[in-house]
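The following pair of complexes shares a single chain, chain A, combined with chain B in the former and chain C in the latter.
Coming up: the complex of A and B.
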């Protein structure tokens, strides 16, 4: 289906969403659900944010109010797996679980839950010891995750492996390692796992964030990136992705190819 | 040294340059030589254009008047090898010869000339039968060119192999083949040959040429592109290249990395 865009905006870390979650005010959340859907998002990330008092209750409520205004699938984003399960219970379409590291017992909690609800998993190439620098170590974690998918009756394609990009101004040497990781992940299994990135991380605290986001996204697509958690309201970014898709011959060129891309 | 930008603008196909060549008026040529150098060009392409009466005389004169105003190395662009040799005779710095296909007797004319004048060669992955579609056939031509370099006492690094990108609106399936060709060329020899592209070709007759140029350039850099014959006056294109260079960890991040890139 071409590149999968996961809209990042419904996250309590943003002030308007954080306040909406605190007050159980659906309007800002629903507005962003509609806007991101109109901009072409294939999934909407849903994160209650750091200040929510009851993450289980907040996640379920957010999923409910979003689904009142659109039927875009959801990507449930929390470190609290009870909150994720509360969301999965009310999701009308197959969702994504965001996220699971390559670490027991988290795998044992998340992978069976994904199987039960028909959900995909954003699976991270890290464990308790943190994010490794080298592509080789990241790929080793990816291999564990693919093996775990098999163990729990999931397809490699149910995994969206995230090799975890860090800000280029503090961990610049990670950027090419993540590209190499993406290349290798695509050779891990047949069918290969899918891949994703929390794209906006690459540009944290840099001067021209949109430029760095869109150039790195294009570079990652060439290396094997299938999707990103991203700012779908950044038109230049979506244009860049649409252009890369077309130049890889995955969508036929026409003068309005970027518009067609958003309407898939 | 990072990505090599070859300024495309001093070409008789452009109206102002064509007229300047016809009248032997140095001003427009010198203006573009200075402007492209200021924009960060590492080489200036020099093409007398299709209307020049005496290509040998015009090429020599163009090289002379450009070198009156800047010392940027030249990329002598002609299918007339006597014109190229006339340019090489007056070049003060090692030049590039643009271009030579994988075809005898052209190789026998160009490669010894490159050796004699210490010039590099833009070497095309094609022969009399034209441009092949598949990466494999393009790479086969690249192998012939690398073998010819060895035969005539040149290093693989003296070659700038050009896998020949075609307009995406008429030959879209070539675009990913060219990326694959770039990847394979980089594994042909140690040291590998260098690579280049006539970048603006990819967007001929499309609606948003600068967008397609810069996205394809970034994609090609990830695949192994070392240089391009390009519009160095396109600031967004140069910013994209500078950003890709930084994200490949080839230049250290600082807030002014794009400015630093232009001043290398």
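Coming up: the complex of A and C.
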């Protein structure tokens, strides 16, 4: 399996989506669902955004209108687990739950739900006290999450462990720690858990965001990154991922390899 | 303590391609042949599924071939008559008949026309039950003309037409699409071009389950190791989920083996220890085919019925599940 791209664009934080959610206007949401699918997204992140009045109702509605226009699997993104469960109930294909930190009450809510609906989990290497700086602490959280997967009857491969990258202009020293975490996560179990990142976070409020996203993504892929929640509409980024995939000998070269990559 | 067998886990598999069509499927073949479908490396049944045995096609020509005299006892009485020859190939146990339209070579005197070829294909289909592969004369313009006519004449039979190459695939692909036949896409021992060609053929609209790949092979002693590497890598690509690299492979074992000096040299010119040509030639072809099957061939094209028999026996042995 090659790199998994999770399209980030259907998120109420974006103005057009936020307004669409507020007015229950399916058009902008469906347009982005189609566009991201055409660009090669394997999952579509779905986030009702901070302003939605009824997150449970909005999440279910968004999942329904997206599935009217495409069958790309969904990545249900909320801190409200009732909203996620409402989405899981209407998902036609196995979804991802985004996300669950290494905190016992949340694990106990999310992991059985993932088992029930056959969903994967974006699992965060943090707890109540926040995001640790060192790779060692991040890996310790990852280990807790892998152990929890086993406890609740999930495979390590059902986990997409997110070591949480922070903006480089605020917390530059986290970037190499995240890379080291990715390397170590791959040694935690056999089969190893999968990994993901909220990629665009690395470049928040920087001048050339696409450049930083693209370079960091390739560095992370070499370290063990399997997927990212990302801007699939950034052609240069997708080309860079396709090229990294090919240069790591995960796909056979042909002149149109970047096109073939998008067809998977 | 029991030994735990390590098993490789793959995410992809070789695309399954069906050749031929029975009466129920709109054709007249006695049976169909399924190629590919494996989810593991060749013959490792303990590790994955190998739903279909690799198959043997026997080669026939539309004109008398320039083959070694050792073929006279098996085909001498029929090779002036391609229909009789096709029937004989079936009697020898061919899973598939592979008809090469060498007589349509435009440089020959009395070169056969597209119409002649279409009539011949129809006659072969009427007199045999095996699925059919038809290869053009190998000259792009003539190939296009001949294969177009053949495709129409064989409509409904789900034959395979070949060969499409990087610089000459459009007309053949169009002919295959129109009459719903399979296409053989070939690249000369170049896996990168093979993948690109598969992409181009599918972009024209040929369904992926209608494509067979010919990676081109060398005979034993004449570059077979290059073919082996290319085929091994193609299979590995299929198993890691590279769809454009997942097509079943045809190997031209017979024609390549019989180009070798070692297969043909008469006894008086043979090197020390080479043995009798009659045995030597057959063994050269059988060994070439055996190696190519180990590399991941799904269909071997063979020439000598004795060699085909040896390979079929070996295939049957190799298909016995080797579970642990």
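Throughout what follows, the second predicted complex is superposed on the first by the 264 of 264 C-alpha atoms of A that agree within 3 Å, B and C clash if a C-alpha of one lies under 4 Å from a C-alpha of the other, contacts with A are read in each partner's own complex, and residues count from 1 in each chain.
Simple rule for what comes next: a residue touches a chain if its C-beta (ideal position, glycine included) is under 8 Å from a C-beta of that chain, and two chains touch if they have at least 3 such contacts.
Computed from a prediction, not measured in an experiment: that's the story for all the values here.
Residue contacts after overlaying the shared chain place A:2 against chain C, while chain B stays out of touching range.
In the overlay built on the shared chain, the residue A:240 is in contact with chain B alone; chain C does not reach it. Judged by the touch definition given at the top, the superposed model places A:207 against chain B, while chain C stays out of reach. When the two complexes are overlaid on their common chain A, residue A:260 makes contact with chain C while staying clear of chain B.
The wider contact with chain A, measured as residues touched, comes from B rather than the other of chain B and chain C.
Legend: residue contacts after superposition of the two complexes on their common chain; A:129 is shown touching neither chain B nor chain C. When both complexes are aligned on chain A by C-alpha atoms, chain A residues 252-253, 255 touch chain B in the first and chain C in the second. Within the complex formed with chain A, the chain B residues making contact are 168-169, 172-173, 175-176, 179, 202, 206-208, 211-212, 215-216, 218-219, 221-223, 239-240, 243-244, 246-249, 252-253, 255, 258. By the touch criterion stated above, chain C contacts chain A in their complex at residues 9, 11, 191-196, 199, 233-234, 237, 240-245. Those residues of chain A that touch chain C in the shared complex are 1-2, 191, 250-257, 259-260, 263-264.
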